[in-house]
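Two complexes come next, and they have one chain in common, chain A, joined by chain B in the first and chain C in the second.
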Partner chain A sequence: MISKSPRTPTILVCILGILTLAVLIRDFWPFLQNGTLVQAAFTPDETDFTQILFHYSTLPRLSMAFLCGAGLALAGAAIQTVLRNPLASPTTLGVGAGVEFALTAFLLMAPASMALFQEAFALAGGLVAIGAVYLIAAKRGNATLWLILAGMIVNLLLQAGSQILLLFNEQYLQSVFMWGAGDLAQNGWESAQFVLPRVLIGMAAILLLSRPLDLLALGDETASSLGARVTALRLLILGFAVFITASVISAAGMIGFVGLAVPAALRIAGLTRSRDLMICSVFTGGFALLVIDFIVRQFNGLGGDTLPTGAATALFGAPFIILILRKARIMPGSQSEEHHSDQQIISKTRLSIILCATLTIGLVFSLFVSFDGNDLVLLGPSDARLDILLGRAERTFAAMICGAALAVSGTLIQRVGRNPLASPEITGVSSATALAMIVALAIFGFGQRAELMMIGAAGGIASLFLLLFLCRKFTHAPHYMLLNGLALTAILGAIVRIVLTRSGTQTTMLMSWLAGTTYFTNMDEVMIVAGVTGVLLTVAIALRRPLELASLGTDQSVSLGLGISAFQFFMMLLAAVLAASATLLVGPLSFVGLMAPHLARVAGYRLAGEHLLGALLIGVNVMMVAEWLARNLLYPQQLPTGLIAAVIGTSYFLILSIRRPR
Partner chain B sequence: MKLFFACLAVFTTLTLNGQIAAQAEPIAIEHERGTLTLDQPARRVAVTNWAFTETLIELGLDPVAIADPEDYRDWVEKPDLPESFVDIGQRGSPNMEALRTAKPDLILISQELDMAYESLSKIAPVMVLSVYDDHKSAFDAAADMLRKVARATGRETEGEAYLAHVDEKLAEYGIRIRNALGPGQEITVASFYSESNIGVFGSPSLPGSVLKRMGVPMAYDGPVSKWGFAQGGLEILAPLAKSTLVYTNPVPDVIHQKVWSSPIWNVMDFVRNKRVYELPVVWAYGGVPSGLRFALLLTESLEAGPVK
Partner chain C sequence: MFDLTNVGFQTDGKNPQTLLSDISVTFPAQKFTAIVGHNGSGKSTLLKLLARKTTPQEGRILLDGHDLATRRIREFSRKVAYLPQNPVVPPHITVRELVGFGRYPWRGAFGRYRPEDYDKIDSALAMTHVAEFSDRLVVSLSGGERQRVWLAMLLAQDAPVLLLDEPTSALDVGHQKDILHLISDLKDRIGLTVIAVLHDIDMVGRYSDHIVALRNGRICWQGTGQNFMQEPTLRDIFQTEIGVIHLPESNRFVSYIA
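Our next item is the complex of A and B:
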């Protein structure tokens, strides 16, 4: 079969095979030299520690690396074929994050008597996640893109959720966090014995079903006309792919990007038949992870720390995605479709009035009412009354200003990128800002927030430049920007994980800040960000005419004689500065930059100027509510504001997709 | 009224010390954010991590606000928390409003909360004291922290007495531990974070620096992270297999079972020759009281015999 396929994939498998052989020889060398390899591999001498280590640590680790790589790559190939989406994978569709969240919750909360159900729980987590992604993306045009974006939203939300669980269980941080970062270290054959049958069952099932998969690949109409029960088959295959993913992640933690990069690369190399693709994926994935794990092992023990394989794999895999993107054949779809098909949920004037009213009432409520665990408490007169009000105002304003900055930033990105789903979170600008600050704080020891703010802004702008460089033609294909953003976010996420596993003292603070907290803000910062937002908003509103033209599309604008590229570039720069300022106050993910402009447009704020203001009103309201909930929901414990906002944001997209008529 | 009690307290302390001359002097203490000047010793102290919590309680002053009290009972255990105090939420982000209701006159934080220094300063004077910082000996840093807290609360006498008591006890435990260990034996202190992620405490850590103070030889002498330990798989214990292994608790049942059934674990010299000991719950990132408790529990554990 493989011989019929193009040559490139075969060469790829061969190269990785040779590398694998090299790794094996390197690991086996001491035993080859003294001729004890067979003994060490099968019946190790119980008194010789090197043999024991080889038999119970090195060999299982090699096997696990191969099994996990093969399983994930196969799962990715199956998901990609079923969904006819070259960028779908266990990690991009939220399955990994779902399993991770379920397992983290299980490890931290479930009593020991429930241990038997761990696997079912993990599987359920994965299925729920992919279900949610499917629900958000279903019934939309350009499903390829929506699916990936929905996956990204669910992914970010679940990762934030896992982090919250850890924040409240700090003592277990070491164990769960390390596992979450994907550790392949082994102490025996247990994990391999756990994974082997499951991956084999999943593989056999998927390979058996791979013949009908080729029909699926032709498209729904063709497949149904050929009599295959399309939906049932799809679900079955997806189910097995999730099963493999859940098993692998249960045993080895999050291992990113093998499931995405391997099948996607093979497909681009010319493998189109699903059976060939899958068989090739098994070997390529297995060999690739084995080789990557070998490289990672060489860095273990530096500075008394270990390097988690999973996070490192994302570092290897994500740049690869950017390369793949240049060759991927993604149906461009029509961007304008969203503009026409959105139904109006509520009238524009009514919404404006409601928003202003909630803003006023909400503000007074936020300042004067709190929840002390039992009852709502009205702030009574006391000596400290003014100070308490000031403290609350500081945090409420910080959240609101962030809402405003992110909403404006998101509107600009969505308008200029002509994509209703672009946002600072999704293009990676927020993550880059966060990463720059985390590295500055945890590694270089910058402690001043003003310094961090500058560094963060520099990081955000740098990432934007990188993004623009990668998508020089982004005006023609805005979705490339998003997909590059996805890869960028993944790389940054991986670096953040690695930094966090190593940063000891400040991990908790960093994590709560990553999830988005207004806890550490002060009035000066709020004022600075408010000033920046105000100025940039004024600039954006003053430029609403060209902005309007820019969102119409390049062709029209060029024919109207507008220097579009320079203008777009300037607008994106504004957006990046705004996102960076907001990120400092409330962390890298809140989805306000995604949700507010989207909701504003759905509500009928169509022209650039009113779109900006409408989004701003919505953003401010959402963050205000999120902030109050964050401070009071679990009093005296405090939740990160960004997480609450993210929950509101994702629920919005879920509700929207359910309401949407066919 | 408050002032009266404060004066009375100052007077009592000073009479005890016999240093009447210093009466009018305000207390000035160096900390990581400069010098803190208190007109009178602090009485209502808020603590944002467990090292402060236990240190203050041992000094005989009950904190008025405590972070993460529930987890303290599971992970630190002793000394017991006072009857009443204000729960101020997580150690990573103590609740400002809850903190305010406790009406503290001094707030103790470590560098992890440095960014909240300004906001906290609006509630009460803040002292920034870190025990775990860049490879300095945790026990010495903890003793230093204790002295500063004692000065700030006007309990220098109690503080010095407590430290003297600790020194005396550590010397005694040191002898008992060396006797229990036998000649030439070294100790390795480890934590099982998971079956494949083990932390080994190095000399800057609290267990490490306490062992050093007791004159008990420690086997691990490699690189460590900021918190004073090294991480790795079970194989990290291989070079230390000739030593006596002591592991900290709590270890989740699942992890315990997985480690004990691992062939790599079972081939280690300390497992084969029954030199594995278990410590009851003790906070390895605490202050002097946790250090003393570690020494006591280690002595008892070694004298009680290895785990089966």
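Our next item is the complex of A and C:
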């Protein structure tokens, strides 16, 4: 096909431009009518409320929306070009989460005299995050999928960190949370004045470097033989992109997906030259966010609460990613490039025995030993002893059962999806469960935990079917499932944030539940989840032979007489039910469903039956440890178990990805 | 065995491409039939239709006089074994376990493996000369070794019909000969029906009883191995200058590029 000058991007920019114009006219109309526009814009009449509102709120908000959108879109375009990765963006590579974490930590902990360094701190947070992601992926030749996965893991780790910080500073929760959800509401020109010079500097720098950027598209070797200093150039441009992102996020909070969706859309529309792409991104991004923000503003009146623009942007952006995935040809890090040595086939008996022993010792330990801040304390004989023991047992068992359920669920998803990195958390099943429960609780007022459990399970199953439906054409490419899951998780996350900012008093309770605390559980629920897990585990183990066969892929399993689609469907259903019941107890973010099956596989549990049991043992152990740490680490403060497990899980993956280069 | 009448196949999508059209052919039972043709002539597509991996938009395919679609899935897999061109190799499976999957059509999800199953697995491992690495992981083997392991799985499957898509593409000459010899020997001894996509003209002429040649999705020639190894026939099928030498002492023919 001969490359023709693409018309679609121009049309796109024009449409958005016209929409923007419409928004401006709509906002300016009252002042245009009585001819006070210039006066209202520059020297508002201090006695006229509408003019003050216009000058100090509407106008700055419009400018901020345009600036933030333009800056983020340009940063995204630059990052995508530099890394040659159509899915890279400030949010997917962890820059956003890094800046958010750094700022949260800074706001909550740094003394006021350090306020000058806030910006440097935010920038450093973003740079460290993208640096970590880049280092992990660089060892794998920057394969698209690895970069995104590394970004996802770093993202989740940093978000867990931010949440832990917030939980200890409840008084700031609401405001920091609102900022985290990306609020564009303005009450003056300070933010716009803060963002404008920074975004302009970043933009100018990146646009100046756009010619060597085109060279990077040819690949590192060709580019360096043409005289481009590849590494320096790449670092420089990434640095400026992070700088823009950090400035925008400091001023307006997390605004997701503009940086990903806008450049990706333009690229698909046919813009390939990096300079055109970037200039177009500036306008498209600015106009798009302005229009989205206008739409969001229209909903603000409802219930008197503000709707955060950033979270709403994710609602617009994430479905778009799913669309892109259907169009774009994304190369996975090809699996054959992994070098398979003749792996030792070790006996797992000893390992299993060790795991069981740890479990028993750990159980006794966590029931009888606690930590009072200085020393380990053995539970002494006294009247209250039985009560304490019961309380501890309840929470420990809850954590362990959840570990088991998530481990089994993760094993099933990984094996049936033939994807060692799939898990209920990553595929969005957990988030959907949580979402269904939150909506039921906060909006419809369902209070019964049994009802919530049913609703949550329905939500998880629905999301899994949606995911399978979206991926039905890509049965041979497991990474599509992962990326679709990423988008799904982002949508759900956005909705959760919106619901949370509007739920007022329940926020703390919801947040600690989302973070996965075992505090609210009771023995009956634990028993129900234990029963469900037990039954489904037995079913899964009984079906281990077809489960093993499924690893041969669709064609071969059908050739050998296994009706694979029905079987996959059934297994995914089991996985969703398990994930949903575990989520009720410890929240959606635990990562055990990803870590335990993976660790079991690495440890040498090869075949389906032993893999299930090995993952289960590991999952139970991890959750037990996480639960003890959560109860005792910062005694008398109680940490959420899910968050501790998430920190353990993501750290495991970081170590794993750094240590095993191919 | 297989009877095809006016079978046609197109790809899905906005611009459907016709891969096969108007195929009417009978594959004889208990014979070694080779499907040959240039790249993209529709060989693999035809084999996939026979293996029920895809369904034809036109025409019908009968297996032993019954429509292909009527058989239940496990019943079909006891009847027809299929080896795709690039089978998925799971990273954690040993050779013996993979070959053991061949018994799934007979035992299903819950049936116990009996001594006869283990016998079939052992003899399949021995016949394809892979017994020596039966406890190694399949992914650690070379391409040619893997091909023999897959063939062993098909033999353990114990189906009377084998559909093979380039079963010898990664094998050295010695093993090509071994495998094709083994297959044609099994065909003679236990009456297997073998249908294989093959590229090597001389191997086709040497081992196959019946040859079906495709060009641009249509059958352009069919006949016996003797008739196949003739200069005009080969030149017509492959559209290439090919010469044939007759070896009088063994009454065989070998081809060369003219």
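By our rule, the second predicted complex is superposed on the first by the 628 of 662 C-alpha atoms of A that agree within 3 Å, B and C clash if a C-alpha of one lies under 4 Å from a C-alpha of the other, contacts with A are read in each partner's own complex, and residues count from 1 in each chain.
Just so we're on the same page, a residue touches a chain if its C-beta (ideal position, glycine included) is under 8 Å from a C-beta of that chain, and two chains touch if they have at least 3 such contacts.
Nothing here was measured: the structure is a model prediction, and the numbers come from that model.
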item	value
Superposed partners chain B and chain C on chain A - clash or fit	fit
Partner chain(s) touched by A:388 [first = chain B, second = chain C, both, neither]	first
Vertex chain A, arms to chain B and chain C (CA centres, degrees, nearest 10)	150
Partner chain in contact with A:549 - chain B first, chain C second, else both or neither	second
Contacts of A:168 with chain B and chain C, given as first, second, both or neither	first
Between chain B and chain C, more extensive residue contact with chain A	B
Contacts of A:606 with chain B and chain C, given as first, second, both or neither	second
Lowest inter-chain C-alpha distance for chain C and chain B in the superposed arrangement, angstrom	44
Intersection of chain A interface sets (partners chain B, chain C)	none
Chain A - residues contacting chain C, complex	340-343, 345, 418, 542-543, 545-546, 548-549, 551-553, 555-556, 558-563, 601, 606-607
Contact footprint of chain B on chain A as seen in their complex	46-47, 49, 52-53, 55-57, 112, 115, 167-168, 170-171, 174-175, 178-179, 183, 185-188, 190, 300-306, 370, 384, 387-388, 390-392, 394, 447, 449, 502-506, 508-509, 512, 517, 519-520, 522, 635-638
Footprint of chain A on chain C - complex, ascending	51-53, 73-78, 80-82, 84, 87-88, 90-94, 97, 101-102, 104-105, 108-110, 135-137, 139-140, 157
Touch list for chain B against partner chain A, complex	71, 75, 87-93, 95-98, 100, 111-116, 118-119, 122-123, 132-133, 191, 193-197, 199, 202, 222-227, 229-236, 238, 241, 252-255, 258-259, 261-265, 267
